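Just below sit the structures, each encoded as structure tokens.
One chain, subunit A, links the two complexes that follow: it is found with subunit B in the first and with subunit C in the second.
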Partner chain A sequence: MDIFGEIRESLTEILDIDAEQVTLETYVIRELDAESIDLLELSVALNSRFKVEINDDEIYLKSLRTCLNGAGANGDAGNRILRQFPFINGERAGEILSDLEGGPVLKVKDLMSYVSWRAGKNGC
Partner chain B sequence: MDIIAIRSDLSGFVMLDGILDAGPDFIEGFKRLDRAPLYLAIEALAQLGAFHVRYLVDFQKHAFLLGIKSCSLPPQVELSGNCKLFGKLESRGSSAFSYRLTANLEDGAAINGEFMFALAEYGESGFNRDILQSHYRKVFSCLKRDSKTSC
Partner chain C sequence: MKLEFKGRRVLIAGGSCEMSLRLAGLLVGEGLYPILTWRSEQGRGKIVDRLKEFEGSFNTAYLDLSSAESVERLFSQMEEGPDYLVDFAQGDFESLVGSADTELAGRYFTENVSTRADLIKRAARAMLKKRHGRMVFISSAAAGRSNPGQGFYAAAKLASEALYRSVGVEMAGRGITSVTLRPGYVDSGRGARYIEAHQGAVAGTPIGRPIDPGEVARAVLFFLSDCAAAFNAVEICMDGGLTAVK
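Our next item is the complex of A and B:
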């Protein structure tokens, strides 16, 4: 199974939802109603499946809004995201910045990016 | 305000008699049971796992049982005898931990389950650092150093 398949299976098991509800563009908190306790369980599941270190603050973008505090409009905000979350690319950082008012921005594809990034660091 | 007193007849409610060994991904302990209902053996396993989580973070955070994903139980209603307890850390995030915890009695009875624990900062939800951090460190040290006396 590929990374997306594994993540989707974890989400469907933990959140008790149908696989069809999970796409790369699905919001984990906004649409799937994942709560903090679910995210704790997801961290353990991802560590078990992929054997990579899972840092909750990073993978769930927990410190996103703190990191953006005081950022100016001159591109500094995007750079802050890229520095704080090295698994996020420039395009995704732009999406995130334009989406902040909608609520928690975390998407399934961010989980995928994190796992891929961590696996790469592990030399997998 | 009304005060409700709960008498468990368990001193300090430490369901462990000793911790024999602990490493980065395992912990081993024991408990002498005397006609103990099954839930007390499960509690002993939960306490063993929670102590290992606290040990991993050097008691800097509070650990609590998040849930039991699965657990097989023996047919007996009550358990008696020396019970060996073993916990193996199977996977973890930065704030959650999954263990395979097993309890084995001399008569062959066994409990085997997947337990999940999580960490919380002291100060959150009434977890008082001044009281709890020193308490758990002291009990852990007591259980490891002198396993023949209750802590």
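Our next item is the complex of A and C:
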């Protein structure tokens, strides 16, 4: 199974939802209503499936708002995201910045990016 | 009453103390598999010597709360995570609050609160994989009523109690519960030394005698068992009535 398939399976098991509800563009908190304890369980599941260390603060973008506090214009905010979350690319950082008013921005594709990034760091 | 246990692997932090050793014997008798931690070769030797009749039915592992890396290593070396965590570990630091060395006090809290939090976190995550787990923290009656010089000890115990209580609050829905036991004057280790130095202290408790380490071990065994799971996120005194009287 590929990374997306593994993540989708974990999400459907933990949140008791149908696989069709999970796409790359699905919001994990905004749409799937994942709570803190669900995210903790997801971390454990991803660690188990991919054998990579999961840092909850990083993968769930928990420090996003803090990292953007006081950011000015001229691309400063985007650069802060790229520095704080190295698994996020420039395009996704732009999306996130234009989406902040709608609530938690975390999407399934961010989980995928994180797992791929960690696996790469582990030399997998 | 026959006690039943959903899991088998019991990680005992602070495994070389008398209460841990008594508990380990009881656990083996129930068919469970204790893993007792040690932080010095002397401690490891004591465990192996005292439990030699149970060889093959228990294991030992290095854990020193003064080394954050040792917590990480403990869990990375385990083939399978624990079903239970019993936490007897506690460093010594006796000082009047007004005269404590600031750096030593900070280090004491790092070891006995922050590093313990990492131990709890890793155990909780391992238990979450199995969707069941039970934690028993051995605090002290001193957490509620400390004698002069016990302020830092009591503060670290209270902070740790809060961490364990929170696990019980946050994770009971996933099958992981916790309970804290607060023994009073226990006749072993630093408790025995205190009793010897303060003969009148024990006589002043309603029960009129020190608590035997075997009594604590049997209580912990009960609190680990399935039938005690409803004792969750709570602190229970086992002090012979010490804290109930003036």
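Heads up, the rule we're going with is that the second predicted complex is superposed on the first by the 124 of 124 C-alpha atoms of A that agree within 3 Å, B and C clash if a C-alpha of one lies under 4 Å from a C-alpha of the other, contacts with A are read in each partner's own complex, and residues count from 1 in each chain.
We adopt the following convention: contacts are C-beta pairs under 8 Å (C-beta built on N, C-alpha and C of every residue); 3 or more make two chains touch, one makes a residue touch a chain.
Since we're looking at a predicted model, the values are computed, not measured.
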item: Fit or clash between subunit C and subunit B when superposed on subunit A; value: clash
item: Touched partner set for A:Asp33, first subunit B, second subunit C, both or neither; value: neither
item: First, second, both or neither for A:Asp76, with subunit B first and subunit C second; value: neither
item: First (subunit B), second (subunit C), both or neither touched by A:Glu13; value: neither
item: Subunit B versus subunit C as contact partner of A:Val44, first or second or both or neither; value: both
item: First, second, both or neither for A:Asp57, with subunit B first and subunit C second; value: first
item: Residue contacts on subunit A - larger count, subunit B or subunit C; value: B
item: Which of subunit B and subunit C A:Glu25 touches, first, second, both or neither; value: neither
item: Subunit A positions touched by subunit B in one structure and by subunit C in the second; value: 37, 40-41, 43-45, 47-48
item: Partner subunit C, residues of subunit A touching it in the complex; value: 36-37, 40-41, 43-45, 47-48
item: Subunit A-facing residues of subunit C, complex; value: 125, 128-129, 170-171, 173-174
item: Of all residues in subunit A, those that touch subunit B in their complex; value: 37, 40-48, 54-57
item: Subunit B to subunit A touching residues, read off their complex; value: 66-67, 90-98, 116, 118
